[in-house]
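Below you'll find the structure I mean.
Letters A, B and C name the chains as they come in the text, with residue numbers starting at 1 for each one.
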Amino acid sequence: MGGLLLLVQGGFLGAAQAAVDKAPKTLSETSKECVACHKKKTPGIVQHWGGSKHYRANVGCYECHKADAKDKDAFIHDGKKTKVHISIIVSPKDCAQCHEQENAEFAASHHSKAGRILGSLDNLLAEVVEGNNGMVTAGFPEGVSAAAVNGCWQCHGSQVKVLKDGELDPATWPNTGIGRINPDGSEGSCTACHARHRFSVAQARNPENCGKCHLGPDHPQKEIYDESKHGIQFYANKDKMNLDRPKWVVGEDYDAAPTCATCHMSATPKQPVTHDVGMRISWNNRPPVSVRPEKADAKMGLPGKDVPWDDRREAMKDVCTNCHNGDYVDAFYTQYDGLVTLYNEKFAKPGLALMALTKPLLKPAKFSNRIDFVWFELWHHEGRRARHAASMMGPDYTHWHGTYELAKNFYSEFIPELEELVREGEHSGDAAKQQAAKALQAKIDEVLNSRDHRWYLNKMDPQEAAQRKKAAEEFKARYK
Amino acid sequence: MGGLLLLVQGGFLGAAQAAVDKAPKTLSETSKECVACHKKKTPGIVQHWGGSKHYRANVGCYECHKADAKDKDAFIHDGKKTKVHISIIVSPKDCAQCHEQENAEFAASHHSKAGRILGSLDNLLAEVVEGNNGMVTAGFPEGVSAAAVNGCWQCHGSQVKVLKDGELDPATWPNTGIGRINPDGSEGSCTACHARHRFSVAQARNPENCGKCHLGPDHPQKEIYDESKHGIQFYANKDKMNLDRPKWVVGEDYDAAPTCATCHMSATPKQPVTHDVGMRISWNNRPPVSVRPEKADAKMGLPGKDVPWDDRREAMKDVCTNCHNGDYVDAFYTQYDGLVTLYNEKFAKPGLALMALTKPLLKPAKFSNRIDFVWFELWHHEGRRARHAASMMGPDYTHWHGTYELAKNFYSEFIPELEELVREGEHSGDAAKQQAAKALQAKIDEVLNSRDHRWYLNKMDPQEAAQRKKAAEEFKARYK
Amino acid sequence: MGGLLLLVQGGFLGAAQAAVDKAPKTLSETSKECVACHKKKTPGIVQHWGGSKHYRANVGCYECHKADAKDKDAFIHDGKKTKVHISIIVSPKDCAQCHEQENAEFAASHHSKAGRILGSLDNLLAEVVEGNNGMVTAGFPEGVSAAAVNGCWQCHGSQVKVLKDGELDPATWPNTGIGRINPDGSEGSCTACHARHRFSVAQARNPENCGKCHLGPDHPQKEIYDESKHGIQFYANKDKMNLDRPKWVVGEDYDAAPTCATCHMSATPKQPVTHDVGMRISWNNRPPVSVRPEKADAKMGLPGKDVPWDDRREAMKDVCTNCHNGDYVDAFYTQYDGLVTLYNEKFAKPGLALMALTKPLLKPAKFSNRIDFVWFELWHHEGRRARHAASMMGPDYTHWHGTYELAKNFYSEFIPELEELVREGEHSGDAAKQQAAKALQAKIDEVLNSRDHRWYLNKMDPQEAAQRKKAAEEFKARYK
């Protein structure tokens, strides 16, 4: 285990502890000038900074916001005595001046790549289906979708556009999406979690922090955490969490409850903190069919391609065993794996196969067919909820928001919609469609007659039915 | 800006600070008698009061509950030595004895008028569709709907009915709805926010307080706040909020986070606190198509009709700039306005026009047609969620609970229902219906062929399609 | 009232205060050995225990985990110096060694019987509709449903299977479901609420604790509490709740707010704490039609069959009156009863009658018909939400998640599905089905023409219509 952990650490976290510049002895004159004015103009952020470690280390406004004259977004702040270049956005590249290792870990994570969704077809929803080109700004003379600007981009990150004099296009900023594509080309936004300008590590360790994005119908991790025993303990014992301790090693600095950070990022007696949040997860539950994380990393060209899922699982187990015995943890994983497999085999794979056959029978524009939404929610919403909830022991989300909704929509929406497509194809008078309808019907029949689905046709295996009846009778007999 | 703020303040908040009666030197004998008995009977409320500012100012039970013998709801409390008239309900008129300015501001707000919905047709839902006349009380011998009593009225306020001896009809009380219509004719309920009997201003500043009503499918402001950076900061820093400071000026008394009160009501270095919650909002997102708040105020005969939205926006910006630079705030408003416009133009206006044409084709009773619910939720639930969430920077609600649901239901429920109505009309054999069906079909065609919707017919502007493809390719090229 | 309370207490709580074994003077040698090793292996739980009352009373690991060699799940922990038998699960029978009265109360409650659902047909959902036999473990060689394992069982409790050497089958453990069926035959899991290994009573009094199970679409008590005035007060005043006081008598030890425990379990000046959570509820809102709790208890063979609902209501009123006057409480119950009656009469009874007539017209497998889900959610989800929310004064859940959804789905899903079944039956060419269709149509007509539903046919009683119109006009006249 020690060896495994070493491997994980050695993988790409192994860079020597970032060479932190020595803290300045006094606050720079330029920063003093910033503060003098902003103390009146925007007192809140000056106070935030005044309560931060940056203040105590004489890292002021200018130290972070300074820019090179050649930087795309550099400008000279009007009215300042000291004519220096600054930029509005402090990018991960800027933070890396002092926080090199954190930046390297973050850059290797899916978090920093969240903005890449903007170039994907998923974008179709926000840009076309929900949106239009009605929002015209200097940076988007042809218009851009306000649904993307106010929705997707706020979590995933915008591609920031610089106008004249360092001004940022208002469609692309304010934006603290974790995968923001910055004027300097860097990907990410440290302020997504370490918010303005206190940079409080305590705040970042609170579950609400992750809940800015990890919530809602498609990945309700915050809601699941809240209903789990872990969340229950957190809210009852928040005052015992020592959230502001620099070291914050689970089992040493606190033991009342884990937060999101504890399990996915923070230090244990055996592991250092990491800013690559995928290093302890053993399933990637994002796609229609769950895959191992190294496959997802490989697809994105990330170094995690060389860190197999079982090493990551060991790293997570190392967290668990601070409070749970090894047998307990192993048994938990048996349960979780069981749920992922159930979802993959019963719903995801048949669903994908069926959807593939619908193509010739659908209207051509994606999301112009009702079934597009039904299938999308099956895997993207309900299927994820079930899997995420099982991973975090939230039974309500596993069942009622997960497998129950999956089954309800699979049988009472998806199958009927498919059957309707078959009917329409059959009556289309178009030979190609009739052929496609036939193929689809054959697949429907195959799926519904399979072991997992034949109950629906009232063809439950007689042996299984007898066994179910017997079990129920035996169970009831205990209470007579 | 100073001038603008002055205007807002001068508008109708300008009454001299309420003439607060001098606090009594000792607690009245009558109140002492109340306390002596209630200390045993209802210890909780006596303790609440004992922890309140009222206690410290010798404002006791009788000072607030005293009544004139002629008051509709006046009665003499059984068994009291001191035979004085009291009433159960302490109305805003009663509170105004000391809190004159707060009452004046409140009386000018939509909050105090929330009970007026009871006389509107919206009422149809709770009284007829969901309810019946099954709940018979002394005040409602013909019966009243328990869905209205337990639902609508608890947020909007009941019209309190007085039975004999000051007794209140149980269908109308207990009730703390913010627009309650009181026996003395006044509108409102201060206890809606300043709860029994501690009247704690700290409690009223907590987001949960507003969340009694401002939550749920139709206006989830509490949920949106919770997921916003503002909420994240609040929950992480609640102990730094100084919520119990009398003055509570943002940037002076606290800076960790804003709560609902901070932005909509509380003092800034430049603005006093106001109990007219609409004075800082620049869109009224309640109706199907968003309007400016002065229009909504004019419709209700409120003094706010003379306070234009841009003055209100300036008042809000004054709050924002305690922590955000002016450019940031301006850019935020560009984003928010963009979302409101997108919703108004793409969904609300076409939806209204289409619904207007369905009338001859629908069953006559409102909500007896499936499309009644579909359209109602489009604007009343999903459309509001998108707009409210954009206003408060909650991307999950803007997108997943907002524009995504809007689009999904517009294209996969609303349009198909309309098309079904057309089909039914065409086959009705009724000339008027056939005519109506034709008109509706023409409008459907017009909407679907418009710039915002033609993607649905696979008629996306080739230029736009090419541009989308190019953008995606360029985006992906960055990562090769 | 005193008499009534006495009766409740005397009923089956009357066992003399549990004979608590004298606390040991020192920690046992065996427990010391456990601690010595687990301090390193699982530091968190040792720290939890170190903060517990058990620690202070020298009740250590072995005192709770000790087992008899004959116990099904007994095993000798490898590598221990002291070769003693222990078991992983500490069952209510084990806790009862010291906590006899708590155990007796708990054993009489529905909580302890939650596992019995596993033998019911409700199980069909998780085992068959949502699940499959894909999860194979040593204890389930024929496979078991991962949806049941990760979903239902985690709240309701698993039937724990013991493998060799005290090992527990991973499909059945980890499991803290409150009705867990333990290897020793006992029912329940104290750790469901009193979590590992701090056993903190303060934590158990937090609303989040109950929210592990009492939340979600089918019984959102946690969400309702959170939006109620009670929850608002709790979150604003958590620091004044004295949650860790041993006695914790409402009105004496705290008065800021009630939590779930306050109303359903904890002590008042007149009542002791009880672990039978049903002793203060006057409606059982679990089934399709609400029943009185003594009927539900009788059905399960529980001693509560002899405690009538009005006695239980008096017990609850005793809690309420610590902060509310008796009139207030009585009027609240008028409102709540009104809502239960509205639901029962308008939706539940007609719904049941209609569903009974659909049987010959449905596909035979339960949940293979869309209407199975529609009806299930009407009573199991929406109907419960309305009733639970009225019971706890949460207007948003009463209305929007309750009666609104009920009405929407009754009229726009349930009725149309029934009508479709009629049409299909009529055209089936099968005489039995045609007969059934006729009977169903007659019932639909009867229901829709009844007083509660005729508005749907635009047949509102002219008198009622006139009255509604008049009321609206009078109401509006006030504001001209």
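Rule of thumb we're sticking to: a residue touches a chain if its C-beta (ideal position, glycine included) is under 8 Å from a C-beta of that chain, and two chains touch if they have at least 3 such contacts.
In this text, all values refer to a predicted model and were calculated from it rather than measured experimentally.
Novice: Would the interface of chain A with chain B count as same or different, where same needs over half of all numbers used to appear in both copies?
Specialist: Because under half of the interface numbers appear in both copies, chain B and chain A meet with different residues.
Novice: Using only Cα atoms, superpose chain B on chain C and state the rotation angle in degrees, rounded to the nearest 5.
Specialist: That pair's rotation angle lands at 120 degrees.
Novice: Which whole number of Å gives the spacing of the CA centres of chain A and chain B?
Specialist: 32
Novice: Considering chain B alone, which of its residues make contact with at least two other chains?
Specialist: In chain B, no residue touches two or more other chains.
Novice: Quick one: in the complex, what on chain B touches chain A?
Specialist: For this pair, the touching residues of chain B are 226-229, 231-233, 235-237, 250-252, 255-256, 269, 321-325, 327-328, 330-332, 334-336, 338-339, 341-342, 345-346, 386, 389-390, 393, 395-404, 406-408, 411-412, 416, 451-452, 455-458, 460, 464, 467-468, 471-472, 474-476, 479.
Novice: Using the touch definition up top, name the residues of chain B that touch chain C in the complex.
Specialist: That would be residues 41-45, 47-48, 88, 116, 118-121, 123, 125-135, 137, 142, 145-147, 149-155, 159, 167-168, 170-171, 173-174, 176, 195-196, 200, 202-203, 206, 208-209, 211-213, 215-218, 301, 363-365, 367-370, 373 of chain B.
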